[in-house]
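Each of the two complexes below includes subunit A, the first together with subunit B, the second together with subunit C.
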Partner chain A sequence: METILTIFIIFIAGIAGTYFLGKLNGILRSVIFIATLLVTSWLFFTAVSPDVIIEFEVMGIMLSWGLTPLAYVFAIIVFGLSIIIGIYAVKAMEGQRSLNFFFANFLISVMAMFGILISNDLISFFIFWEIMSWSSYFMVVLNHKDVQRSGITYIIFCVIGAYAMMMAIMIIYSSTGSVMIGDFISNFHAFSPDMKWLLPILLLIGFASKAALMPMHVWAPGAYSNSPMSYTALFSGALSKMGVYGMVLVMIMIVQQIPDGYWIKEVIAWLGGITSAIGTLWAIKQDDAKRMLAYSSVAQLGYIIVGVAIGTPLAMLAGLFLAVMHGIFKSTLFMVVGAIERQTGTSNFTEVTGLIRKMPWTFLAALMSIIALAGIPPLGGFIGKWMLYESLMGSNHYLLIIVIFFSSTAAFLYCYKFLFGFFLGQEEKEWSHVKEAPALMVVPMVLMAIFSFVLGVFPGLILKPINEGMQFLGYVSTDNRFWEMSMIFNDWGNQVVMEPIVYTIFAIFLFFLIFLTLKGYKNTRYVTTKDISSSGEIPREDENFTFITGFMQPFFRAVAPVMKRQIDKYYNSFGKGLEALFDFTRRIYNGNGQTYALYFVIFVILLLMFRDSLF
Partner chain B sequence: MVGSPVLLIAIPLLAAFLIPLLGMVWKESVRIIPGLVLAYLTFLSASLYIEVINTDTIVEIIAGWRPPWGINLVFSPLTGFLTTIMTFMGFIVWLYSYRFKRNVEFEAAKKYFIFLMLLVAGSVGIVITGDIFNQFVFIEIVGISAYALTAFYTGRDSAEAAFKYLIMGSLSASALLIAIIIIYSQLGTLNMAQIAANIDNMNPYYRIIAMIFFIIGIGVEAEIFPLNGWAPDAYTEAPGPVGGAFSGIVAKAGIYAMVRMMFTLFDIEGPMKILIVIGLITLIVAETSALRQEKLKRMLAYSSIGQMGLVLVAFGMGTKAGVFAALFLMLNHAITKPMLFLSGSFLTFNTTEKYIKQITGMAKKMPVVSIIFVLGALAITGFPPFSGFWSKMAFLSAAADENLLFIMATILIISIFEVVYYFRVINRLFFFEYDDKISIEPHKPGFNGMIALFVLAFIVLMIGFYPSSVTGFIDLAADDLMNTHQYIDKVLQLGQTIIQ
Partner chain C sequence: MESVGYYILGVIVTIIVAFTVGLTYMGLNRKITARVQNRKGPPFYQNFIDAYKLASKETAIHHGFMQHAGPAFLMVASIMSVLIIPVLNDGKWFPNLNFNGDLIFLLYIMVFGPLGMALGAGQTGNPNSAIGVTRGLSQMVGFEIPWVMALVALMMQYQTTSLVDLMTVQQTTGWLMFSSPFAFLAAVLAMLGMFRYSPFDIVGAPTELASGPASENGGKYLFTMMSSGSIFAFAKLTLYVDLFMGGADNLIELLVKTFTIYLIPMLYGMVSPRYRTEQAIRYFWGWPLFFGFLALVHAMVF
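== the complex of A and B ==
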């Protein structure tokens, strides 16, 4: 049997097993859950070859499954993240509600993402897309928090995107008679000029809704912060990348074929830039780590979309590389928040302080991911951002650079807030009971942190599959010529050159470690963070000098005009207006038999009057 | 040959008359006999249907009078398809209500099952008859039994709902009668095939008037706007399984009558503007009204009306693909909506008002019923991999073939509202805490009811995962409806016939 089918069968068996056998025993559930993820990923990485294509017919439509090199890049994100997050989730979800449903649904999401990636035709793509939508929806509302607002907002944007996509797919099917993505791309030139604009825009609406692009991002903060953190890690890390995957296909394969398609690219790139700026500003304003990371995800996806939309080889490379990196560091950060919430019971910066000594490993993971997120060398985010700036300069988008640079710099503010708020500052008695998270949660987080370091030092590991994916998109191969594309690869590329640098960094670290240990071994005095003096006074025990509320007020005074206009408000008032309108239409059925009889008579008269035009 | 189509009408009618008599002998027979009858009808209909598909349409002549003089029954791939669905849904409704009514005293159960039998007999009659006056009679049978079932609970509200239904039903009956009179005075025949063959000889003016009165007459049963004022009240006040029967059986018969009239009787080629316009308005008004409903059954009723509008739009496109999509939608709706009504009435069993807020957090108490409700909601809103997705896809594909982009966009936008109100209920059911103050006491679902729900859920999943299992049948049925000349030839020159 084909490996792809085997993987699906294992997934379905795993879903059923997790749900039904999980009712018997919690350990059995975890074992089946992890085993399913491990076996499918193992099969995927060893046995799936890109050449095999499975074809079958449903309702007279030919469907086809097979793995393309581009999809392979995203599949690496999906499978890599799902295993690590899966292991984390087993421990992190302990004691939560509806565990059978959670784990089964987790597998459904992973299966749906895999299905999206192996679909070579639009119908199965759409089917898996929708499965992904509803399975993620059930995760958003799983915590019983803010269900009717954030949940419904999420599902509305899901279906808006899905229906836009569905309309495009059906137009494609009826005009070309085929739903193959390849056929659509090669026949695109034959569409009428109107369709050439309508189809890509409809498809882009569909993908942008998942990638949380402005103005379809309003669901993201609520959805990301309300689902269990173990799922949000996958949600933000992998699920949102499905939107990016679709956008890559549309932007490169379709939009380039439109005469004047240049404008679509510019608009999307600018939307991406604005999304990142707005997302960053809102992220800074949040006091809750979940919401902050949710807005930060929106912002980071903005960068990725900028890269994808610009579409020069370097920009595409930057976009895809950032997609992988964002998957790694953002899911780590969500896992960190999950661990902190599990240990302390809150995810609010203003409440928790000084966790660095209590949760050192969590801090390490958070630190590494924050460094990667902020784009500081030598971690992966730096390379991605560098390439993005360089590609923007190379394609003369100077104004856009300013926007991106602004949001990238402003991102430091929330990065600092995250680290400082949770881990640094004076310790409070209230949190003295807090312990490090269990090993099963810490190991995945640290592992991810190590990944983001490894990919920062050896970007070639991931650039190789990305490069193959880009060749599939029609770019010239850049294998072993990365240094021609960007100056950064002179030093940091996948050449032999960087090995000494890594060794040097390690040596310096080691040296300082030994030096400090030796120097401080004898005369170290262990103190608490309350052991301080301020202005010549020794503060009382209950006084806290950690400044954790109302961060960056002057900054917000400066950007207040930008943040005053919130798109959520417009949507809300639009929604309210619609509901009021429908409350009016509802009154057509006023429950009065005489009125209904009157309707009958009016209907007869109307039909008789308009009989010439209606029949 | 296992039997003949006339048995599909004769047996339930006979059973309806015999039930009270047998009930005097053995009280339990009131509940059991309808089940046996409906099971037999399902079997008979299915085996006849398979025979029809493999050989040829059965045209049965009643009392030896050949068409166009006598009444004839036509059991074709289309009518067989619908009859099989209806009898099967009748059986499911019986299965659900078999013990549902155990608490009810004997008299009430007797009435309930008598009228259920009449409802099925009438609906099947509407579909398989080949004579418009005969069809009118069956519409009246369905109507009368439906009024009675609406008033089943004998409260003030039920009586009011039934009375409204009665008013609308009588108005529609008179409109239908006018249409029939016009046709008879012009063509001198009541046989559908004969009318279809001679419709071109009719004065166009009379033809349009007759068509308008037909649409109005049948429209009440087919729940088109603005003739559907009775529907929300009737669905809400009638017992839960009856709501399922209305949406799964009666509405389907109404739509069939409407479509048979448009496609065969008046032999309209190409798109039918009237159906598209009426269907779209029905869809928009119903779905937007459903958004703000507070009662579960009322919401489902509006959703049902909206789906009927969608079916009419699909038929109105007048193409093979459109008819295919419409029949597929009818099939899915016939299965999914009763599933929602039945599981919904389990969820709201211990309440008279059936408010949506009363099922808050019920999934904790009744997990299986709740999951089936969600399955139905996902299927009806067209989420893959459930059955509704394929029919919605067929619909959009048919609309795209005709380049009806505006209709596609409208229907997709309306679908968003549908998703919103169904997901609000799902949220309440699953993702709210159970609250003693708001929520009602859960009711332990009966064993037979659960079997009925499982069967429906299985079909939804089967169509969802393997749509080719039904598309072949639908394809034949669509061909059958499209081919008017074949219908005329078969009926008038008698293909495979039974003369009784």
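== the complex of A and C ==
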């Protein structure tokens, strides 16, 4: 049997096993859950080859499954993340309720994402897309908290996206008679000019709603922060990348074929740029780590979309590389928040301070991921950012690059706030009992941090499959032209060689670490953070001097005009308008038999009055 | 192996030169400021005495590991930037590990240090440190925009991101300071924020924040910060000379050019009181941003 089908059967068996056998025993559930992820990942990484295609007929419609080289890149993200997050989740979710449902649903999400990636026809694509949307919706409302706001908002945007996509699929099927993605792409030139604009826009609405592109990003903060963190790691890391996957297909395969498709590209790229800028500003403002990371996800996906929309070879490399990197570092950060929440019971910066001495390994993972997120060399984020900037310069986007630079510089503000809020600052008695998270949670986080480092030194490891995926999209091979194992080039032939840079940085750092840090650390004695000089006073035990409330206030005074407008408000007033409309309708159809009798009487009277003119 | 030893020697010589020049400039700054204010002022080598004193002090206490690692991060960034920026035109005398000086890489490695230092400052638990850090980061968002605009304009006009290439261009076209005046203006105005002299000394803010991020550090750590600061100052000045003034052929020329550039933030600071944070940010988003736009337009047209 084909490996793809085997993977599916294992998934379905795993879902059933996790749910039903999990009712008997918690350990059994965890074992089945991990085993399912391990076996499927193992099968995927060893036995799946991108060129096998399975075709079968369901109710008269030909369906076709197979993994394209492009989908393979995203499948690496999905399987790589799901196995690591899965291990983390087993420990992190301990003691929560409805665990059978959580773990089964986790597997359903992974299966649905895999399904999306292997679908070569629009029908199975859409079905898996919906399964993914619904399974993630159930995770958003899993803790029964704030269901009205975040749950409903999320599902509304899912539905908008799905309807747009379904409309496009219906149009395609009725005019070409085939649901194959390949047929659609090759027949696209035959569509009428109107359809040539409508179809990609409908599809892009569908994908953009999942990738949280402005103005479809409203659901993201609520949904990301309301799901359990062990799922949000997958949600932001892998699930949002499905939107990116769809956008890559549309932008390259379809928009390329439109005569004036250039404008769609520019608009999407600018939307991505604005998304990243605004998302960053709002991320800085948040006092809750989950919401901050959610906004940060929105912003980071903005970069990815910029790369994908520009579509030059270097930009595409940058977009896809950033997609992989974002999966790695953002899920690590969500896992860090999950670990902190589990150990302290809160994820609010204004409540927790000074955890660095209590949770050193968590801090290490957070630090590495933050460095990667900020794009500081030598970690992986830098490679992606570098390629993105160079591609923007190479394709003459003079202003967009400034927007991107602004948002990635402003990102330092929330990066620092994250580290400072949780780990630094004055230690508080209230948190003196806090212990490091269990090893099963720490090891996945540190492992991911190491990945982001390895990809920073040897970006070629992941650029190789990305390059193959791009060749599938019709690009010329970029190997040795834009990248080597440890080198990256831009359009003008300038280069950055990572290996010697990393070795130099390490040599300098080690030198100072040994002769300054370790020496000083040994020769001095530790005093608490209360023992400081602050205007000649020493704070008392019960006083906390940590500065975290209103952390970036001066900055917000400077950018106040940008922050005044919020798209939420417009949606809200639109929703209020609809509500008023429905309320008016409700007054007519108020369910009262006497009112209906009155309507009937009025109708008959009108009929009698105008009988001459009507009949 | 011979060449590796040669390179490492070059690195050490570069660092020593940067350290000496940076400290001397800071000493001259103190002297000139004093003369402007009609004081006698300390001798120009006072900073070397201070550095020696700090280096020979013992530290007794610490607040945690990051506090010790912070200055190390700072040094890494300073040394890395000075290693990437070509000191002299032919590169024979300072054969440092010059990775063709990609400008985007340089931009990012330059913020590496302040962020590492910010972590160290954060662990001390001193509120002044954290306030200083937030001010510094906010100000960085401010001046980075015109600075990046200037760089992008240059890079796109000459189709290269390499600093060495931009220096070669100037051999034929003359100084970029004159051929791309708007980029130069934007970059120089951004430099005012980069040097953090008055009116942009909101990070350290003497008498207000009690020297900000450095407030819990003393002895060897303060020495490390001081030397890192002077190396970094040299790196930044050399970068400006390389970018806009055609580089330098020998050390004397370099000193003359860097000191000329250094006079700009120094003299500007002497006549200005301190800004508030949002005023500083708004300042950079005013005229510097305008000149940045002009530079971009200039690059687009030519």
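The working rule: the second predicted complex is superposed on the first by the 550 of 615 C-alpha atoms of A that agree within 3 Å, B and C clash if a C-alpha of one lies under 4 Å from a C-alpha of the other, contacts with A are read in each partner's own complex, and residues count from 1 in each chain.
In this text, contacts are C-beta pairs under 8 Å (C-beta built on N, C-alpha and C of every residue); 3 or more make two chains touch, one makes a residue touch a chain.
For clarity, every value in this text was computed on a predicted model and none was experimentally measured.
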Output check: A:9 vs subunit B and subunit C. Expected answer is one of first, second, both, neither. What do you get? neither
Who does A:402 touch here: subunit B (first), subunit C (second), both, or neither? second
Now for A:520: first (subunit B), second (subunit C), both, or neither, which partner does it touch? second
After lining up the shared chain so the two structures overlap, which partner does A:160 touch, if you call subunit B first and subunit C second: first, second, both or neither? first
Which of subunit B and subunit C A:509 touches, first, second, both or neither: second
What is the contact status of A:609 with respect to subunit B (first) and subunit C (second): first, second, both, or neither? neither
In the superposed model, which partner reaches more residues of subunit A, subunit B or subunit C? C
May I ask you to decide whether A:425 touches subunit B, subunit C, both, or neither, giving the answer as first, second, both or neither? second
Could you look at A:377 and tell me whether it touches subunit B, subunit C, both or neither (first, second, both, neither)? second
Show me the residue ranges of subunit C that touch subunit A in the complex, using the header's touch definition. 58-66, 68-69, 71-73, 75-76, 79-80, 83, 97, 99-100, 102, 104-105, 108-109, 111-112, 115, 118-119, 122-128, 130-131, 133-135, 137-138, 140-142, 144-145, 148-149, 152, 155-156, 159-162, 165, 210, 215-216, 220-221, 224, 276-278, 281-282, 285, 292, 296, 299-300
Under the stated contact criterion, what part of subunit B meets subunit A in this complex? 160, 163-164, 167-168, 171-172, 175, 208-209, 211-212, 215-216, 219, 226-227, 229-230, 232-233, 273-274, 277, 285, 288-289, 291-293, 378, 383-385, 389-390, 393-394, 396-397, 399-401, 405, 408-409, 412-413, 415-417, 419-420, 423-424, 427, 430-433, 467-468, 471
For the subunit A and subunit C complex, residues of the former touching the latter: 354, 356-357, 367, 374-377, 382, 385-386, 389-390, 393, 396, 398-399, 401-402, 405-406, 409-410, 412-413, 415-416, 419-420, 424-427, 490, 492, 494-497, 500-501, 504-505, 508-509, 512-513, 516-518, 520-521, 523-535, 545-548, 551-552, 554-555, 557-559
If you look only at subunit A, which of its residues touch subunit B in the complex? 57-60, 123, 126-127, 130-131, 133-134, 137-138, 141-142, 144, 147-148, 151-152, 155-156, 159-160, 163-164, 166-167, 170-171, 173-175, 579, 581-583, 585-586, 588-589, 591, 593, 595-597, 599-600, 602-604, 607-608, 611, 613-615
